[in-house]
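Right, I'll just put the structure down here and ask away after.
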Amino acid sequence: MSPRASNTSAKKTYSYLGPEGTFTELALAQVAEAKGANHRSVAHVQEAIDDVISGRAFRAIIPVENSVEGGVSATADALAITENVRIYGEYLVPVTFDLVARPGTVLKDVRTVSTHPVAYAQTRAWLSANLSQHAHLPATSTAAAAAALLDNDFADAAVAAPTIVKHYGLKTLARNIGENKNAQTRFIQIGLAGPMPEPTGRDKTSVIVELPTDRPGALLEMLEQFAARGVNLSRIESRPIGDRLGRYRFNIDAQGHIADSAVSEALMGLHRFSPKVLFLGSYPRADKQKSVHEGNNSNVEFADAASWLKQLKAGK
Amino acid sequence: MSPRASNTSAKKTYSYLGPEGTFTELALAQVAEAKGANHRSVAHVQEAIDDVISGRAFRAIIPVENSVEGGVSATADALAITENVRIYGEYLVPVTFDLVARPGTVLKDVRTVSTHPVAYAQTRAWLSANLSQHAHLPATSTAAAAAALLDNDFADAAVAAPTIVKHYGLKTLARNIGENKNAQTRFIQIGLAGPMPEPTGRDKTSVIVELPTDRPGALLEMLEQFAARGVNLSRIESRPIGDRLGRYRFNIDAQGHIADSAVSEALMGLHRFSPKVLFLGSYPRADKQKSVHEGNNSNVEFADAASWLKQLKAGK
Amino acid sequence: MSPRASNTSAKKTYSYLGPEGTFTELALAQVAEAKGANHRSVAHVQEAIDDVISGRAFRAIIPVENSVEGGVSATADALAITENVRIYGEYLVPVTFDLVARPGTVLKDVRTVSTHPVAYAQTRAWLSANLSQHAHLPATSTAAAAAALLDNDFADAAVAAPTIVKHYGLKTLARNIGENKNAQTRFIQIGLAGPMPEPTGRDKTSVIVELPTDRPGALLEMLEQFAARGVNLSRIESRPIGDRLGRYRFNIDAQGHIADSAVSEALMGLHRFSPKVLFLGSYPRADKQKSVHEGNNSNVEFADAASWLKQLKAGK
Amino acid sequence: MSPRASNTSAKKTYSYLGPEGTFTELALAQVAEAKGANHRSVAHVQEAIDDVISGRAFRAIIPVENSVEGGVSATADALAITENVRIYGEYLVPVTFDLVARPGTVLKDVRTVSTHPVAYAQTRAWLSANLSQHAHLPATSTAAAAAALLDNDFADAAVAAPTIVKHYGLKTLARNIGENKNAQTRFIQIGLAGPMPEPTGRDKTSVIVELPTDRPGALLEMLEQFAARGVNLSRIESRPIGDRLGRYRFNIDAQGHIADSAVSEALMGLHRFSPKVLFLGSYPRADKQKSVHEGNNSNVEFADAASWLKQLKAGK
């Protein structure tokens, strides 16, 4: 067998925030091109990013936003200090929580509930009502909390994704105990910078923008870079830069693709305005909604304006 | 002894996010009027808020922002759904981390380090360099991680505030291991709505504002409510409303006091513009810097404009 | 008869930009309260303003805007340097022009046409087509041009309002020769500052605003004083301040009445922002259209916001 | 001599708003390339524009702005309806007025003063003080008023430029009688569209922009097209479009040259935003002041942003 054939047959690796049985695995299941590839479970977001940068993984699937708890700050902050990584797709996963325990445990026996703090926040109302005396043992993930039930007896039950019982010998004590029945988590597929997904008319562009220091109204000015080109934002989230209180960077999802003239001009505007702007990629929206640029900011209008300008410059 | 005398002599209670030995205790130590009062340690932010609402505590001290990890989302979200609570003061506490262990433990023996995830994020660089093989056991607070060292041997060391060794029989293995030597946490003092601190010229006003739905440019319009009155923002932080992805509320600290005309007009502007705006209070800035309203927006200018208007209306 | 009775029976005087037979007379005819009063024809706008200031006239009717030629700059500039004068009403007069001549003159005999430069601009197309060799003799008004035909033979014909033939022994050579068949002139009724017309929901407020010097974006900031309160402008016209090139004042008509909260707050905003703002009055719109304030800026919303603020300040 | 050689040697013609002896002639004297060319005096602004369009003149010099009286509306309106004409330069002329009369006339004999209405407005204060009983006879220009003194005796004196006595047998009765001693008139040189003056760093770009109909805040949006690219305006003047009251076009002078990236992007933004935008040219400023684009909007910053974008699009 030739090395070339060997290369061709080699499977690509997709890392994902594990362990097995977490919601991230459900996001990975939505990635068509990851079917039949290697799936590699990692312990935290930074490890997934490191896999991509080192080439150990072709791509990684990590959570980026949760409709209840907000931005997953570890992801936002890790991306902000990483060069050369891009987003290639986004995926929405409905978030439902079950209470699981070792076989033989019944609800009234539960004293200590282990789970990730985010999952705990989403189920605290149910737990307080049904287990008023329970204590919470934080875990690094819902799946880790469930798995640990089989390793030790620090906790009596775990809050985890319904699919967890497919992976571990646990039983479900209560279903769908989350407060918000419409909760979703948004995941992204990241990889090294490379050819971007083609524009589809239903796209999103993500950037991280720092504001000029000590300039009142800088946020307003930054937003006008989008508004002047009719580009709508679907998300804006502030994160502290971390060097001192009062300095923020903004994680922004704008409607449209870098191949759209309105978006590319807005990006250049940000680049001039901001001391640091990080482009994270253009990719199809998970909600499949159309990305419309307000006003007269279609590609055709941009092209018309450019040829008008060209004529003017030629003295016509 | 009359009941009245008894009432008068009864000490007020200040709840704080405990346990003893956390950074919140250092913030509480800055609250002059809490000297000699009862100090009540609570397990989480919601419990502190509940103490205030039920009257169990007169006031509570809770963390609100950390220069490294950003807004303490539990506080932001709890305040957003609470009526009738106000902020009465803010306090800055330098954040330095030590590594502590049971007496007899030496650095090279440490395999598992327990601490709160935020503290872990701030010390991971040092831990990775000096304890490359360590595992992290999350805890609900740095103090809880330290206290647990004396209860069980799940962890070998804890990352905690330097003062922790005053409360527990632990010894310090390494000092000041945090990445950011200027890190600070900002705490607030909350209480039931009542008379506000007097304006000092160095004040801050906090609000939580929801944006009108599905209106492109709504954030920009909201910011213009401040800009049109020359009011600068010292902090803006988005948090998901939680009913579905894509809906945000904004936690805002504006410079100035509700008694300042520029601020009160901006607040009324927000009230008209926003489907929901929550006033959290006006209180002196911890950094003691002057709160200047840009442009001609002093109280004197506002008063001049009001008497001019009055004259015009009187037909003069 | 007592002086007092005499005073009571004395008729009020309405000055108007004359002479008799101009369009201003048609505007005066729309002023209900001027029926049966003294009508005093004056030679120029400043004289009309002087009549009002000196008390010689109770009110004066002067042109302020012409849909073809723009602002009547003499009026705009005279008002800008006058204190204590207010606008009490506005009136729209359709502008149609006829060519008139001495009896016996026929069209082909006309060599020289006299009229006011504004009227000439509006009829030049017809005159060029029908009297290709004509010369233009400028006059101070269309009526003066017509009257002069009977005094001397410098001109053979005049362009004037159709009603001119009621005042002078002239005949009409051609009707409705203006280029723009929808042309209108807008007139205002001015008087000394005093009680304003009551708000009708269909009102207009006029101001003259200077911009702060040498501040890029000052015009934008000024417009935001209106926008932040949802007040729409129906007219904005720049005029040079006159001390040097590059300095402008803006004559602005905003929708709404000073009794509307949105308008009064915007006025106070202008007063703080601008080095000089002149209030010219609130009065019913001639076009009878409703003056809607954009967004949530009704009086009810303003009152709600004010009582909300009052409660907050009371510590509730 | 061949016709071709003849053509080559033929002098170019510069039309100017005459007659001889007006301020426009002083502007023409500032045009270096017009030295030794044919100078053609025309009767009104439209004739000058027609000369340029028909090719009768290579260029024309016309007044565009007067620091006392504002925009010369005939010029603004004529340019607004003309295609294919460009501004090639601007010139500032100090405006001083003298009172001139036929030899033998003394001041106290003067009953009727003839002059252009603009000049009359600027000298009315002096005339009222020194000739309290005088009448005003309007003329099409100051020079025409002066020339007519020798043709007929309708007027006894004329207000005109000091140089008028070089052209006509008149004598000066009083010097520098204008109210504003710093008055200036700004003139422009127009020609058919062709190669533009090179950028000098001290340039100006003129456009005429219509606003989208019935869109509150359209003026603000238009101004943001400049602001988002840091382009300052040195002049904005509204003129009625003329089809009905309430519709305006804006004559704008922006700092910078179409060859400056900030200006060209702003122009394209206007082209998309506005139903009609007319480019009048980029040319050196008469006041020789530097045209700075606010913020980070230099050509270098634009080029950096463009190459950054190019790299991003290439997937790097």
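Think of it as A, B, C and D in the order they're written, each chain with its own count starting at 1.
Operating definition for what follows: a contact is a pair of C-beta atoms (placed from the backbone, for glycine too) under 8 Å apart; a residue touches a chain by one contact, two chains touch by 3 or more.
Predicted, not measured: the structure shown is a model, and the values here were computed from it.
We define each chain's centre as the mean of its Cα atoms; on that basis chain A and chain D are separated by 58 Å. Centroids built from CA atoms put chain C at 60 Å from chain A.
Separation between the centroids of chain A and chain B, computed from CA atoms only, is 27 Å.
For chain B, the set of residues touching two or more other chains reads 224, 227. If you draw each protein chain as a dot and join the dots that touch, you get one closed loop, with every dot joined to exactly two others. Remark: the chains found to touch one another pair up as A-B, A-D, B-C, C-D. Those residues of chain D that touch chain C in the complex are listed here as 65-71, 73-74, 92, 117, 121, 136, 138-140, 154, 180, 182, 184, 186, 216-217, 219-220, 223-224, 227, 232-240, 242-246, 248, 294. Of all the residues in chain A, the ones that touch chain D in their complex are 86, 193-196, 224-225, 227-229, 258-259, 264-265, 267-269, 271-273, 279, 295-297, 301-302, 304-306, 308-309, 312-313, 315-316.
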